[in-house]
Structures are given as C-alpha cells and as structure tokens.
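Multiple structures are listed underneath, in structure tokens.
In the two assemblies presented below, chain A is common to both, partnered first by chain B and then by chain C.
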Partner chain A sequence: MEGILFKILGAFLTAILAFVVGMFYGGLRRKVTARVQNRVGPPVHQNFLDLMKLQSKRTNIAHGFMGHLAPVWIIIAAITVLMFIPILHGDLWFNNLTMKGDLIFLLYMMVFGSLGMALGAGQTGNPNSAMGVSRGLAQLAGFEIPFMLSLIALMLQFKTTSISELMQVQESGSWIIVQNPFAFIAALLASLGMFRYSPFDIVGAPAELASGPRSEFGGKYLGTMMTGGAVFAFIKLVMYVDLFLGGAGNNNLEGIAGTALGLVELLVKTFLLYMIPVFIGLVSPRFRTEQAIQFFWKWPTFFGLLAIGWALYKNGTF
Partner chain B sequence: MSEIKTLGIPTPEEIKQAQIDFAPRCTSAGRVNDKETQGTVEYILNFARKHSLFVMAYGTGCGAIEIPATMTSRYDAERFGIRGAATPRQADVLLITGYLATKTLKRVIRVYEQMQDPKYVIAFGSCAINGGMYFDSYNTIKALDRYIPVDVYIAGCMPRPESVINGFVKLQELIKNGNAGNGEAYREDLDWYRKNQQKVIKNWDFPDKYNW
Partner chain C sequence: MEIIAIILLILLVGSILSFLINRVNKNFTGVTAFLVALASGVVFFTKVQSGYQFNFQLAGLDLQWGLTDYSYYFAYIIFGLSVLALLYSIKYMEGKARLGYYYASFLMTILGMLGVVVSQDFVSLFIFWEIMTWASFLLVIYNSYYKIKTKGIKYMIFSAIGAYAMLTAIVFIRVHYDTLLISEAIAKGAFNFEQYIYIPIFLLLGFGIKAAVMPFHVWAPSAYSKSPMPFTTIFSGAMSKMGIFGIGLVFTTFYLSNDPENFYWVRTILGWLGGITAVMGTIYALIQTDAKKLLAYSSVAQLGYIVVGLSTGTELGVMAALYLAVIHAVFKGALFMVAGAVEKQVGTTDMTKISGLIRKMPWTFFVALVSIIALAGVPPLGGFVGKWLLYEALITESNNYILVVVVFFSSTAAFMYSYRFLFGLFLGQEEKETEHIKEAPVTMIIPMVILAVIAMIAGSYPGLIFEPAAKAMEAIGFQNVSWQMSSLTNIWGDTTDLFLISMMIFAVFIIAFIFLTLKGLKKTRYVGTKDISTSGELPKEWENLTFQIDFFKPFERAAAPLYSMNMNKIWKNLGKNLEAFFGFFRKLYTGNGQTYALFVVIFLVVLLLFKDVIFS
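Let's look at the complex of A and B:
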C-alpha cells in the first residue's frame, strides 16, 4: 500500500519537476542566446511569464475538434512518456513506472505527441501548418534512423530493453558513453534534430513558415503546447543522461539527502547536455529540408551502424 | 466619361456631420480591470501581461526598419519581455509602423481581428497620427484610431529605437493599471469602426459577422 502511495506522490513530484526544470531551461536558453549575441536578454523566469500571459488570454479560437484536442494530446503524451522514465535510479520518489521493455515502448510513445500536433495542425487549414507538418515528418524519418540504431546497439550490447537495467549496468561498470562511444555520438547527433534548434529548425521556421504547425494556435492552446514542449525537453535530456551518462541518484546516501544529491547531479548533467544543441544552434543557419535529411542519413547513420558493430564485437557475437 | 470629383470647401453641415462621424472614440470605458477595481488575480495577470509582449512582425510602412534595431544587440527589447510572434493568433501587440495605405489597412484590420484579447496597438510615427507627410495623399489613411483602436502613439518621423522602447514602457504602464487593450471596446463599437473602414476600403469583401 505504501509503495503505491509513494508512486502516486512521486508521479506528481516528477511532473512538477519536469515542468519547472523544462521551463527554466527554456529561459536559460534565451538568456544564453542573448549573452552570446552581446545582449542583456530576458530574465530566466521569462517563460513562466509568457505562459501566465498566454493562459490569461480572454478569447481563444479553436478550429474544430482536433484543433482543440491537439495541445491536450501533447500534454498527455509528454506526461505518459515521463512516467516511464526513471528520473533517479532506485529512488523512492523518482523511480516511476519503470518496467521491462520500456525502451521499445518509449520509442513508440515519443512520436505520439508529434502525431497529435500533426492532426491538430491539419484541421486548422493553414497552409503553413501543413507544410510544417510535412517537414516535421520528413525530419522525423531522418533522425529516427540513427537514434534507433544507437538504441538497438545498446539493447544488443547489454541484452536488455529496460532503462533501469541499463542504469544498473552503468552503476557497476563504467558509463555507456565509454562502453559504446559510437552509440552516444549517433544519439547525440540525432538529438540535434529532436530539439529542433538551428540548423534543424525547419519545422517551425519563424520567418519562413510563420512558426509552422502552431501558426493557428494562440492563447491557451499555445500555452499548453509550450508546457508540453518544456516537459518533452526535460524527458529527452533525462533519457540521454539515463542511457549514456550513468543516470543520476547512484549515491550511497539515504533518504532525502540522497534524493537531493541525485537531483543536483541530474541537473548538472542535463544542463551540460542541453548546452550542446543550444550552442550548435547559435552558430548555425537553417538547413533546407533535404539537407537536414541528408545530414541524418550520412554521418549519424554511419556512427549508428558502427555502434551496432561495436556492440556485437563487445558481446562476443564475433 | 465620368466626372472627376474635386475636393471643394465643405459646407458647415458637412463639417458638423464629419465631426460626428470622425469623433475619436473614448475606448477606455467599461474596463473590467482598471486600477481601482482590479483584484489580486488580475493584478498578477497584468504583471505577466506587461512583461510578456509578443509583437506581431508586420511592417506596414517605412518605420519597420526601426524594429530590427530595437530587437537586436544595441537596444535589446527582449529584456522587457518583448518578442516577435510569427502569426496574429500568437501576438499581443500590433505595431503600425508608419503610413498606412488603404490597401494595407484592409490587411491590418484582418490581422487585428485575428488577434486574441487582450490585444494592444502601438502606432508609429506622425503618419499614423495625422497623415504626416502623406497628409494630402489619396490612398493613405490619416488618423488610425478611426479604423482600429490605438493604445499608444509614438511621435517622430521616424521614431528612434529609444522612443520605440519608451512607447513600449508606456504601454506596460497602461497594462499595469488595466487601461490597455481595446478589443472588447472595438467589438462593442464595431458598427462605427465598420462604417469608417468601409468608407476607405472600396472592394469590401469581409464576412458580415466578426467571427474569425
């Protein structure tokens, strides 16, 4: 009984943590961007103000049922994926609903939000939305291949499909970034497409497509989408930390102190990881759609195949 | 052969009628959240609204050239929470940057009506106030507030980025006191605005109802 209680409480805590951290990371990104461009920049909590403002809009226009549902769909997908990712390894609060085979489950669930977005954007009837959706799906076909190859390499090398077991492996041995560096490189390059910052911001290209799929969504709808996006950013970062950087919370401290130390470790690791796509985005112009897909199908895919070869060599197949 | 209509000296009756027709509307009446009546929740929401202004990136006239300077490194409007929005649905502030041709006015009205409440309008330069150097032009409008309600005017031809930021700070003050945002007043007074709009827009093909 107590176990279930902790799970439910932990689920709420995880959702709040993901929201707050994701929103602050968005604010930090804007601040870092401003500093790189020699500006003062908005305050770090700017995204919270934006969200409050969007939620306090007095009128909202919906373009039909799916247009109304799409932001909700994104939030649902984000929370569902979040619930299957162990935030801190073996922690009482933040272990969540980890299970066998959750890596495969996550691969499917992570595109669920994009699907809802595509359906909602389709109903608005805006040509920019339709173009954004088609570009988004094309880009998805691009970066999913190296991402998939890198995850398959991990599954082959450690003969498991559970994130928790992969974290277990890293607790006893060295991090997977050392054990299979090629998988990390492939996944990292794929993450550039996942975050959709420059040079891969072809979906929401502001000056070109008028923010793409979300061009007809304003007010509360946009606010809900922003929330979903923030949670998704946190999910991706935590997943990468869990899979490659040893996860967080592998300390010997008991109780609250252990959780707090684990969270600090998590924040440091996710922040450093987050700065990679941000800095690449700051110095890059935008790719065209076919350039983006070509990029993903060249070097990242090569590293993905290399990772599979490495995994097979390591686990003794040849 | 059609006769060319010349602008003669108006009769006193015509002047009287024009004064009634073109009297600027008092759009600050009937606000739900002005300074005296706003509660704690509205105060907090106004705080968020004032620090998060998404600007519709739609340059109507020559003043649009001042916007990049205002947004980028030198003047950095983002420190006030001012940020570009790509579409009217996401925007809070509509900038009328300079003169408005009647052809552009049609688009501006559509953009304004697509924005979601509370929405604000900032008019740039003397052209939007009284026509400026286009005071005798046949195809620009002279006073913007006869066609859409305006919150803040920025004088100058063109206003420098400092004065643009000053205008935004003035708008923030108005938002804080609950005196900005005329979307509701515009809907209430729609007949008057529509009459003025239809006077200058000849190929009128808007939907009858205010429904988009």
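Let's look at the complex of A and C:
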C-alpha cells in the first residue's frame, strides 16, 4: 500500500516538475526572442499568468463533441508519455513506469495527442485548422524518418529498444553523442521539426492561418492545450538528454542531495538543448511545407543512414 | 457423410436457395443468406476441431480434406467476417437489383474460401481457389453489370495469371515428386529453392496476386472500391488473406528448416516487395478523394505489412503477420462497412461532396474513429500491437534495417490518409445538402460496433489473438511459440506492458473527461460550423468554407518523384509492347503463297548451314 502511495506521489511530482519546467522554458523563449529583437519582452513567468487568465475564462460556445475532447487527448498523451520516460537515473521519485514501455511505444504514443487534437480541430469546420492539420501531418511524415533512423541506429548499436537501458549504457561508458555522433545529428535536425519553431512553423503559421489547428479553441481548452504543449516540450528535451547526453542524476550522492543535483544537471542539459531550436528559429524565415519535408528527406536522412552504418560498424556486423 | 462436406454442402445449397428465394420474395433473400452462413459457422465451430482429416478418391486422385491449426486460424477470419458482412448486407442491399445473384455469389465465395483452407491436396485447393475467384469476380462486376467489358477486367486478367501460375506449379509438383498432398509435398521438399526453383516461385506468384503484392497489386484498388461494400469487407478482410495463407504454406519448408540462410533471397525480395507495396499503397491512398478508393489503397498497403512480416521468417515476424491478418480484417472490415453506411445514407462516398456527418451519424463515426485509430497503429488499440511486433521483428531478429524505415515511413504517412478519411466524411463544414441525413439502420450498426469492440479489446488483451496464432505457427513449423496475454516482449527482453498502458490512458481519459468535457458539454451551446473565427469577417450562408480538394497537396509536391512511379502505367505499356511484339509475328502471315515458300527455303538453308551444330 505504501508503495502505491509512493508511486502516485512520485507521479504527481513528475507531472508538476514537467509542467513548471515546460512553462518556464516557454517564458524564457519569449524573453530570449524579445532580447534578440531588441525588445524588453514579457517577464519569464508570463506563461503562468497567461495560463491563469485562460483557465479563469468561461467558455460559452462549442464546436461539437470532438472539439470538447481535443484537449483531453493532449493531456492523455502528455501524461502517459511522461510516465514512461525516465527523468533521472534510478531515482525513486521519478521512476514511474519507465521499464514498462519501449521506444517504439513512445514514438507512437507521442503522436497520439496531435492526432486527437487534429480531430477536434477538424470538427470546428475552420478551414484554417484543417489546413494546419494537413501541413502538420505532412511535416510529421518528413521529420519522423530521420528520427526513426537515428533511433534504429541506437537500438542496433546497443541491442536494446528500452530507453532506460540506453541510459544505463551511458552510465558506464561515454555519452551516446560521442558513441554515435551521426545519430545525434539526425535526431537533432528532426527535433527542429518536432518543436515547430521557424523555419518549420508552417503548421501554426502565425499571421497566415490564424493559429492553425488551435484557431477555434479558447479559455480552458486553450489553457489545457498550452499545458500539454509545455509538458511535451519538457518530454522531448528529457528524451533527448536521456538518449544522447547521458541522462541526468548519474551521481554518487545519496538521498535528497543526489536528486537535487540530478535535477540541476537535467535543467542545465535540457536548457542548452532547448536553445538550439530556439536560436535557429530566431534567425530563420519560414519553410513551405514541401520545402520542409524535402529538407528532412535530404541531409537529416543522410545522417540517419550514416548513423545506422556507424552502429553496424560498432556492433561488429561488418 | 463427413462433416466438412456437410458444411460445404450447406453453403452450396444455401447459395442456390437464396437465389431461388429471391424469385419468390425479395425481402427474405438477405435473411436466408445470413442464416445459412451463421448455421454453417456454428456447425463448423462446434463440430470441427483442428486435426480433423479425411481422405477420399475422385477420378483416380487421392484427395484429402482436413484442418490444421493454421487453417483453423484463417477459418476464424472467414466465418467471423462473413457472418457480420451478411448481417450488414440485409439492410445495405435492400431495394437493390439482382439480389439473388448477389447473395448466391456471396455464399459461393465463402464456400470457396472455406474450401481453400480445408484443402490438403493441390487439386481441391486449385478447384476451390477458382470457385472463390469466379464467385468474387461476379461480385466485382455487380455494380457494373452491363459494362463488364471494361470493368473488372484487370481483376480477371491478374486472377487468370495467378491461376495459371498455380496450376503450372501443381503439375510440376506432380511430375517431380509424384504427389498431390500438400503435407507430402512439404515433407519431400517440393517448396525448396535448391531443386526446382520454379515450383515455389510459381506458387508464390499465384498466392501473391491474391494478396496484392507489388507489382501485381494494380487490380486491387479498383476491384475493392467497385464491389458492393459488404462484399469488400470480406474481399479485403478475408479473401486477400487466402493469399497470405498460401504464402505461409509455401514458407513452411523454410520455417521447418530453422535455417536463416534458407530462402534468403526470395524472402528478401518478397519483403522488399511488401515494403514497397506498403509505401505505394499509402501514398496513393492519401491523394484519393473517394473514401472507398482510399480504403482500397490502404488495404493494399496493409497487406504489404503482412507480407513483410511473413518474409522475415522469425517468430516475432510471423506472429506479427498472423496478428495483422486478423486485426486488419477487423478494422478494415469495419471501415468498409462505415464507407458502405455513408454510401447507403448519403448516396456517395466522394469526400469532396460530403462532409460534417459526425452529428448525423454518431455511431458510424464512433466505429470509424476506433477503427482508424487501430489502423494508424496508435496505442492503446489493437493496431499498435501489430505494428510493434513488426518493427521489433525487423529490428531485432532480421537484418533488414532499411526495410524497417520503409515500413515506418509508410505507417507515418498512413496518419495522413487516416485523418483524411475521418475529416473527409465526418468532420469539417456541415453542408446544407446533408441536413436530412439519418443514422444507418441498426442491423448495419451492430456488426460495425462488434468489430470496433474487438479492435479495442485486442489493444489490451492481444493474447486472445496470440493464442490461436501461436498454435497456427506451431502447425507451420515453429516450436514453442511464446506469447503473453497483455504484454509484448522482444528477443532482447524489452517489454511493453499493454494492460498498464491501456489502464493509464483510460484513467487519465476518465479524469480529463469529467473535469473538462462534461463541464464543457453542460455549459456551452453548439453554434454550428459557420460561426468561426475568420479575422472579423462574418462568413455568409452561401460562402463555401469546405477544405476538401487537394488536401495533401504540399506532400504531393514534396513526394513528386514517388508519385511519378505508377505501376498501372508500366503494365499498360507492357500490354502495348506485347501487342506490338505479337503484331510483328502476325505480319509473317502475309497470306501470300510465295512468302510461305520463301520461309520454307530459308528454314532449309538454316538447317543445312547449322546441321553440324544441331545434330551433333
């Protein structure tokens, strides 16, 4: 019984951590963007204020049942994926269900939310939403290829499909970014599409499609979507840190001190990683959808194939 | 009389009976056919166990009928889907012409399929195969009864090629191995590639055409979408699986030998053909504007996955193939039924003409949603299990690392047509023209919902399908196939706990549903699809805000090189070239006696010149 309570408490802690960090990073991105554009910018906690405003609004009109369900799908996907991603090395608090699902499952679960939301966006009847969805799905078919190639390279090189075991590999040896640099490059380029910042922001396309799939949502629904988005940003970053940058919390300290140090390490790593798509986004114009897809099918895919070759060379297949 | 013969007789008599009853009273035809199929299904599952077998002689040939666990597995698909499709037919076909013809052919198709799985010798296999093909051909041309010269001709030609290939293989087996029994042929190594390579190749050709493998898939999209929808459910769901059944049978030799080098090139080529089929089927599915055509192309793609699974030849891979065979029958059956329900209620399945049916046909939408999620392979529904098994088989057990990316690309692109199907028919703008539409009749909803529920249960308890699948695999040469009720494990020991995942998703869903959706449902009012944010401009009544044409144009542009490869064109060119080639030979016959005399002289001269070479 105590074990279950402990687990539930840990799950809550994980969710809160993901939420706070994700929202905070969102605010940070706005601040950085503003500073680059020589503005003062909103305070870092602006996203929290926005969320509070959205949650306190009352929704009066609806666009049908799928519209009501759209934020539900996002929350399901965000929380479920969060529970299966290892946050820290072997930490009791954040060790939710990490051994119960592998990378293929995570890959599929991560699109669950977007697909569910696409359905909600579809029912509103707004052509902007449908256009955004069509672009988003097409772009998905673009960046999933290098991402999958990179994951397959890791699976082949270390003979495991479990993300926890990939972390353990790095515990004793060097980070995977060193062991298979090409896989990291392919995955990093794919992550640009995943974050949907410029040049790959054709999905939401501010000033062109209203805000794409989200056009018709407001109040609590938009707030929930924002929360889900923040959690997802955290998930993607942690996943990349786990896969390529050695994970976090790999220290010898016991108890709370170890956890705290691990969290600090996690924050530093995820922050540095997060700044890559943000800075690229700041200096890039927008790709059209077909340009985006073709981009992903060229260099990132090449690096992905190279990564598989490297993995086969390293594990001794040839 | 043997029980199998009785069941086949029930179907045969039922086929004739439903034809005759239609002459008396059109209202009872469908019910009769349904009851016949149900009765034969009940008799089959209560009286026949796997391992049953009987021999008899016909025209001096030793024939053998019986059931192994492997064929029993396919019998589940045949009867399960046929009975539901016939129940669905009753209302769907109401008021249509040529009901007797339709139901008679339908029952004959079931008879043919059942015959194929119970045949344990090549002669009855071939005969039943032809009954199945011909009966299904009658149904393919059902809607274009008066234009048969042009419609369904592709299906006819390819089926004929397949049948000839199969017959050739059977004759060669008889000549070289002096047997007609399948088990004996396997034991004597007739399907081995070392000795007479053309025997398995011809058999694979015959079965592969039915399973719509590249490059012989071109008949499938038009045949699937032109047939009446209840028939397409079993056409794509069960009958294409007969091809899979056959391919599995041919590979039995390899599975038994337990040697990964055996069959290596054939399996690699077949796997790649399956992968390319999957990609081409998918990318053509997503540019279709007709929902039926979309599903037809998607069926071709899904069959590609199954072929990939079979050709890996590993335990996980074959398990994936057999599992996908069932789950594809389930969700694609449901989806074709959905398309049929829309066709019945609205009159068309052209997605550029209709949209926004969700509020008019909620049950149909529910089934479509569940089946599409299963098709897309998103957890926690049944489709995910198949995808997981297939990927893990390719990554961990075989060395087709590039093939797995091809398959993965196909299933990522499948999200596009999955969404297109739901959006095209059910979401989007509500049109004036569809205001009067009502939900489909109950007897059409029930079979769809049953299939959807199966797809849902399979997501948490795939073991229910793994159990017969494991037995089937043991019948074709695997040993001690391991499976778990609700968790998946690959050979590296990584697991995915499906029950936990489903519970997790379900729990979050309930919480979010109560606190978000229910509240929202109570406190809001529905405003219709014209009341949307359009930057301050109010859309007028007559303004068209529907986005349905060229839905994935950006993707089409990006993948233009892929679209330029069109198998149809290649076949057509081949046909034209053959025509020109044979036209040249026709020119030899000038009708002039002098030319013929010249030929004789030339022949004699050649004979004289090369007499040493020829007669040495």
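The rule we apply is simple: the second predicted complex is superposed on the first by the 311 of 318 C-alpha atoms of A that agree within 3 Å, B and C clash if a C-alpha of one lies under 4 Å from a C-alpha of the other, contacts with A are read in each partner's own complex, and residues count from 1 in each chain.
Rule of thumb we're sticking to: a contact is a pair of C-beta atoms (placed from the backbone, for glycine too) under 8 Å apart; a residue touches a chain by one contact, two chains touch by 3 or more.
It should be emphasised that the depicted structure is a prediction, and the values quoted were computed from it without experimental measurement.
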item: Partner chain in contact with A:L97 - chain B first, chain C second, else both or neither; value: second
item: Contacts of A:L156 with chain B and chain C, given as first, second, both or neither; value: second
item: Chain B versus chain C as contact partner of A:H68, first or second or both or neither; value: second
item: Partner chain in contact with A:N60 - chain B first, chain C second, else both or neither; value: both
item: First (chain B), second (chain C), both or neither touched by A:P206; value: first
item: Contacts of A:N38 with chain B and chain C, given as first, second, both or neither; value: first
item: Chain C versus chain B, contacts on chain A by residue; value: C
item: Contacts of A:Q46 with chain B and chain C, given as first, second, both or neither; value: first
item: Partner chain in contact with A:S215 - chain B first, chain C second, else both or neither; value: both
item: Overlapping contact positions on chain A, where the chain C interface meets the chain B interface; value: 58-61, 210, 215-216
item: Touch list for chain A against partner chain C, complex; value: 58-66, 68-69, 71-72, 75-76, 79-80, 83, 97, 99-102, 104-105, 108-109, 111-112, 115, 118-119, 122-127, 130-131, 133-135, 137-138, 140-142, 144-145, 148-149, 152, 155-156, 159-162, 165, 210, 215-216, 220-221, 224, 288-291, 293-294, 297, 304-305, 308, 312, 317
item: In the complex, chain A residues that touch chain B; value: 30, 34, 37-42, 46, 49-50, 52-53, 56-61, 128, 206-207, 210-211, 214-219, 222
item: Parts of chain C lying in touch with chain A, wherever the complex brings them together; value: 356, 358-359, 362, 369, 373, 376-379, 384, 387-388, 391-392, 395-396, 399, 401-402, 404-405, 408-409, 412-413, 415-416, 418-419, 422-423, 427-430, 490, 492, 494-497, 500-501, 504-505, 508-509, 512-513, 516-517, 520-521, 523-535, 545-547, 551-552, 554-555, 557-559
item: Parts of chain B lying in touch with chain A, wherever the complex brings them together; value: 44-45, 47-49, 51-52, 54, 72-73, 76, 78-79, 81, 83-92, 114-118, 183-184, 212
